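Both of the next two complexes hold chain A, though its partner changes from chain B to chain C.
Presenting the complex of A and B:
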């Protein structure tokens, strides 16, 4: 099977059909997740820039785009294609969710970096979230706002399990136009969002396993819960820091 | 004033969506609906060629004694057909909104195959809200 470098993330997860790296996402799959799109970067660095052309996307000032927005329609079509592309290459719902999660993970690591960079340049006392609850709050508010333009609708702690936390979104913008057919009813395309959350938590040093679940209510048919299952080490450290 | 039914016909003349909005309407079998939609597709193509003065997009309204049929042809060739009573004035605006719902809930849904029958819960919900409000006003 010839592998295109850009698709290395997808193909590597398809080859490992065992579920081991789902259980501990940080242990085995981190190397494959950070593959860079080498195809895009090479031509820009070698060819000289013709005068009067728009600057390369990598050269644009990052703070200028702080409040820039992306067309929701354009994103909806792109995401729809992403789901269709992924669906053609998987065996089942679990596999599909895992791949969407992996794609989101790549977004999340960039979101975290960009956010850290922006707070560093704008506030006088930039701060890195070191406590778990503060980190969750920041994801609930800041990450959600920069990704979806609004804070999430709820942050809850599981009553049954100490290591489970939930971020609730009543109407996730990226799945607003998606109607999942009955035979796939347990599928949640918000696994993509779960991947973003997982990457941000990982980057902040709180390794966790993050999944998405549909929990429709009469008022909010698209209500989704992002379930965060943190690793034991995180809770132990929190306990020690108290 | 009443809206009786909505059809969506794909660019090949196949009926991909059909729904009734009033009780006690004369029922046809799904096969009959398919045949009629295909025939309407043909008639529409004929009317677009009939125009004596320049090119035409084809029939927009067909009226009978008891009902009116408003046809919206999109640039991609998909047709939205609304069956209403003769006095219904909102058919055009309703069809525009149906088109919008179709663009959102059908075309942006990764589980829909273009040109195939529409089985999207989101579209059903949007149409229910839309036509529901259309009837009360």
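Presenting the complex of A and C:
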């Protein structure tokens, strides 16, 4: 559960940043609610800040600190609100899953940049993932670890379809406290995780459709499979690079 | 301007930040006055320096001439700007390098791609983040280590920017703090 605190820390600071990029009217109102200088102030970054004002986002270090972690119950509460909020605004299960996916996508694109920065920025020659299988491995271990504090439990290639890969999580932390009603039984709230995976793959240049599916077993009732269906172009490119 | 006055050699650097769909997010022009040996292109000496017509800048830029002098009022003292300093020429060179960058980044897993492209006096260096954001820098002198450090700092600033929930992939970066930090880092390394 280490991914959440990072974002909470940085996003809360952005509200108080007087130079934040504010696009929406809601954002403006949020800023004014904190009674900070107006967002349109011209460069005054060098002037000393009044005491008590929080530093802007550029003053905060990107490295993870232990104090930035929040409790699992706080996150469970937040996520349950996210699901309820979304459910009020959709027509069916497919729509709900798609929306959760979209929300996860926003997280995923940030996770990719941040996590890579944390591992690579200190090296002399920072590297990106350019091969598909390595990218999958890195999602399975690194992305999972930075989001959920543990690597995923399995990475499999579909036997029937060449373009399908699966990441297996026996007990996804984000759905641990969710009990899905019987009439929604096909719903998997891990669509949120699927969105994260989709964003990471997209960012690395491997466009794919990612969905989440419940596959309970006797031992692991919460077992979830994140199904990755990559676009044809990805496989062709891998073939060409061999 | 030329007679009797010692001309100060000014190196200019042009930085562009592009989203994965090549939307420009931010651009910066930085002037530094570090001494560097200037290289004259053979074509440039053949061009008359009287040319002040609208396309003169483009013409001299395309031929690689750096002899056309223009006064640059923003800088203190006498500043020499070579041909090819026109905004549209710079943008054209940066745009043209995108093809090369996209080809190189498929093969090379490094984020810092040094000197991917050359155009007359300009060398194009690039930095590709894991999320496929591209930083493109046009520079005249060779300065690998400085550029590497510069890119690394811009990368850090960029990651901080994109963690802002109000920032989307295609939002131009208008933060004054971002701008001043990038300028400070350009001053330090370029």
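As a convention for this text, the second predicted complex is superposed on the first by the 179 of 242 C-alpha atoms of A that agree within 3 Å, B and C clash if a C-alpha of one lies under 4 Å from a C-alpha of the other, contacts with A are read in each partner's own complex, and residues count from 1 in each chain.
Please note the rule applied: contacts are C-beta pairs under 8 Å (C-beta built on N, C-alpha and C of every residue); 3 or more make two chains touch, one makes a residue touch a chain.
On a predicted model such as this, the values are computed, not experimentally measured, just so you know.
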Contacts of A:203 with chain B and chain C, given as first, second, both or neither: second
Which of chain B and chain C A:112 touches, first, second, both or neither: second
Which superposed partner A:151 touches (first chain B, second chain C, both, neither): neither
Between chain B and chain C, more extensive residue contact with chain A: C
Partner chain in contact with A:84 - chain B first, chain C second, else both or neither: first
First, second, both or neither for A:73, with chain B first and chain C second: first
Contacts of A:179 with chain B and chain C, given as first, second, both or neither: first
Partner chain(s) touched by A:221 [first = chain B, second = chain C, both, neither]: first
First (chain B), second (chain C), both or neither touched by A:60: second
Complex contacts: residues of chain B adjacent to chain A: 104-105, 107-111, 119-123, 125
Touch list for chain C against partner chain A, complex: 20, 105-112, 128-132, 152, 155-167, 169, 171, 173-181
In the complex with chain C, residue positions of chain A that touch it: 6-7, 10-11, 14, 17, 19-24, 27, 41-46, 56-58, 60, 62, 106, 109-110, 112-114, 116-117, 120-121, 125-130, 203-205, 237, 241
Chain A residues touching chain B - in the complex, by the definition given at the top: 73, 76-77, 79-84, 87, 177-181, 184, 189, 221
